[in-house]
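First the structure, then my questions, so here it is.
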Amino acid sequence: MRRATNDPWQLRYLFIGTLFGFVLIFLVFPVVVILVEALRNGVGFYFSTLASSHSLNAIRLTLLVALAVVPLNTVFGVCAAWTVTHFKFRGKALLISLIEIPLWVSPVIGGLVFALIFGRQGWLGSWLDAHNIQIMFAYPGIVLGTAFVTFPFVARGLIPLMQAQGSMEEEAALTLGANGWQLFWRVTFPKIKWGILYGMILCNARAMGEFGAVSVLAGSVDSNMTMPLQVELYYQDLDQGLPRAFALASVLLVLAGITLAIKIGLEWRRLVLAVRSH
Amino acid sequence: MSVAVTHISKRFETFPALRDVSLEVETGELLALLGPSGSGKTTLLRVIAGLEIPDTGRVTFAGEDVTDKSAYERRAGFVFQAYALFQHMNVYENIAFGLRVLPRRKRPSEATITQRVTELLELIQLEEHGKRLPSQLSGGQRQRVALARALAIEPRVLLLDEPFGALDARVRKDLRKWLREFHDRTHLTTLFVTHDQDEAFELADRVVIFNEGRIQQIGVPAELRKNPRNDFVRAFLEV
Amino acid sequence: MSAIASLPEADASVPVEIDPGPSAPILPNTGRRQRHILPGFRLTLGFTLFYLSAIVLLPLLALLLKTVTPTTDYPSIAKVVGHVIDVATDVRALDSYRLSFGIAFAAALLNGFFGFIAAWALTRYRFPGRKIVDALVDLPFAMPTAVAGLALTQVFSIHGGYIGQVLYAWFGWRIAYTSWGILIAMTFIGFPFVVRTLQPVMSDLAVEVEEAAACLGANRWQTFRRVILPAVRPALLTGVMLAFGRGVGEYGSVVFISTMIPYSTEITPQLIIIKLGEFDYVGAAGLGLVMLLMSFAIVATVNLVQYLAARRKGIA
């Protein structure tokens, strides 16, 4: 913690005041408003909204999408981190940059690209039609778009972690006779498991909250409404829709809160361990 | 088991770490690789272990060509300069690791593993520390665990990379004595890398002097002192 | 990111060319040489490349190809590219760029300003609730964009919004459902980028350097301008660019807080969706390409800033 030795107290109060003001207006009020509006029509209305078939389907679909996307991106992230950390090859920096592309690109593009491949007028559109396979406006499409948007999260957390850890323990294990799988499970995995968890919860939060890509890929088909899309649907329903939107949004908010809590917990733990080992 | 390397060369990017190095180590010998940093001695050790692939040349163990065998297949016990202990495993598990990862057919029973690890713990005088984590040990203790871990797989050759470098003087002296006694007892072919001349001369049967990726001279300590072959050796030993 | 390479220390007196020596037969290497020490190279690299191509590279390629491939509606390459240019330079598209990029830029500047203050206060001052505020900074990261959009709309709405009502009553200002609403949404989204990029740099600033400046007679403002600001400038730039990139691509929160009126409050991602709905895939792809190019320009700028900063420090 740094000593604020030199800043005049007026400046300090101004800065802290501005910070609090900003945080209040932009961060605290939105959270409060969601909770207040969700309960505006009473607790009964709140729970009946959540129990309605629309909401339940939305929750179910969101969970199913996350269930597909998070493991896939996690396996990829671990693979990519292993490749980048333990081997020397040309184009490593390029590979890392390519992996980060989805972070820079609008989520709508994430949906657009798959629409261009699997949509009716897309590259594979007529072939899919002929074989009666539904990707666009269906679960597989939504999974693909969400996978695109959340693609780098696990890899991005693991690569710097594993690079900092180095290859020495793995080399030692190699001289002791361990094969590839033993190396990974016995030596590497215990070192990175918290890093994996960290990446997974970020990936999960983003996957469940994804809106742009899913808007494109879900169309307006009822059964394709994930939670964020259902929130929008409720919002557009001028008859009693608004409190319903807030009710469902509060579920997502709770999810965000849990994500934040785990994230902070992991970061605090990392800090504590770093201090202790010195 | 004897070890031989013939015409080993290795470069990293543009840096030539080893230039046409050939060496024969006799069975049961305790050999020191001595030289300034960057002279190639650690690289040669890693080549012998299988942790680096030479650009040219062959490595043989007891006459058998192992150049294309991976580190995993060579059964060379390697002790890293920075110990490379498995941080999340306790001392017992670290030492037992090599036994646990053996293929199922060759893997010894749990009881056998316990027996072997206990023997090794006694050997390195850390019987009470089996449950401790590496982070809870001192430098000298970690070094001994690294040694025991390498010995657990009953290696044919023991390779030590600056084993006592990071330790303070008294611990270093004790471990040196320990290593010499251990070697006298077991006659395990041992190579160790050091930049400390006194250490090399005190411990080793023969000393190999490196500079700039080449072997400058090989011989028993007394011989090296009496007949340095070139200016470098003369200057190096004088200091 | 530093690469791990077990290089021995290069001795400056070592000549660079390899000297083969008097007689050095290069013995042939029989048998298969393993290329890497640790196992799994082909497996992991293979899967990495496969998955990367399947999810990211090939789809992006499809986007690119769509802008130059003839279709039934546009039977020649010239016609296709012509249509792409038409859509991409149409007034409606240009208005959407102005909005998307313009407001995102304004939001990024706002975030630069507030983010700097926030990072400064968080790293240098102690005050009650500091840890909580620090945690809250990550909220826009964790919160789904739709939820953020919904909430911000309500807060700034003139009917019953905590702030919207007040501002309308006092000044007659409308925020929600106007371009100002879009600005608010993009500011919310981009805030953590600036703060989190600045914090590590600010906390790394050695106190001694500032104290030295003070001893040499610099007052607080001079110390700030000559010592502190140059040190954090690259991070600030990077953070602002990151926030900008994020704002440009933002869709979820903006959908709620603006009315999406074409030519006035329509952002580019919205226009893309409309084009898709009209089955004008080529047009949509064209707009997507414009956005992609913008994204890459931002990435290139960020990399350039970081490269120049590293070079000044003598690292690169």
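First chain written, first letter: the chains are A, B and C, and each begins at residue 1.
Methods note: a residue touches a chain if its C-beta (ideal position, glycine included) is under 8 Å from a C-beta of that chain, and two chains touch if they have at least 3 such contacts.
Predicted model only: the values in this text are computed from it and were never measured.
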item	value
Contact graph of the chains (line, ring, star, complete, other)	complete
Higher-contact pair (C-beta pairs counted), A-B versus A-C	A-C
Cα-centroid distance, subunit A relative to subunit B, in whole angstrom	47
Cα-centroid distance, subunit A relative to subunit C, in whole angstrom	16
Sites on subunit C at which at least two other chains make contact	5, 37, 39
Subunit A residues counted as touching two or more neighbouring chains	171, 174, 179
Contacts with 2+ other chains: residues of subunit B	50-51, 70-71
Touching residues on subunit B, where the partner in the complex is subunit A	49-51, 70-72, 75-78, 80, 82, 84-89, 97-98, 100-102, 135, 149-150, 152-153
Complex contacts: residues of subunit A adjacent to subunit B	168-169, 171-179, 182, 186-187, 190-191, 277
Complex interface listing, subunit C residues touching subunit B	5-11, 13-14, 16, 18-21, 24-27, 29-35, 37, 39
Subunit A to subunit C touching residues, read off their complex	1-8, 12, 15-16, 18-20, 22-23, 25-31, 33-34, 37, 72, 75-76, 79-80, 82-83, 85-89, 92, 95-99, 101-102, 104-109, 112-117, 119-123, 144, 147-148, 151, 159-160, 163, 166-167, 170-171, 174, 179-180, 183-184, 202, 205, 208-212, 215-216, 227-229, 231-232, 235, 245-246, 249, 252-253, 256-257, 259-260, 263-264
Complex contacts: residues of subunit B adjacent to subunit C	6-7, 9, 11-17, 19-20, 36-40, 42-43, 46, 50-53, 56-58, 67-68, 70-71, 212-214
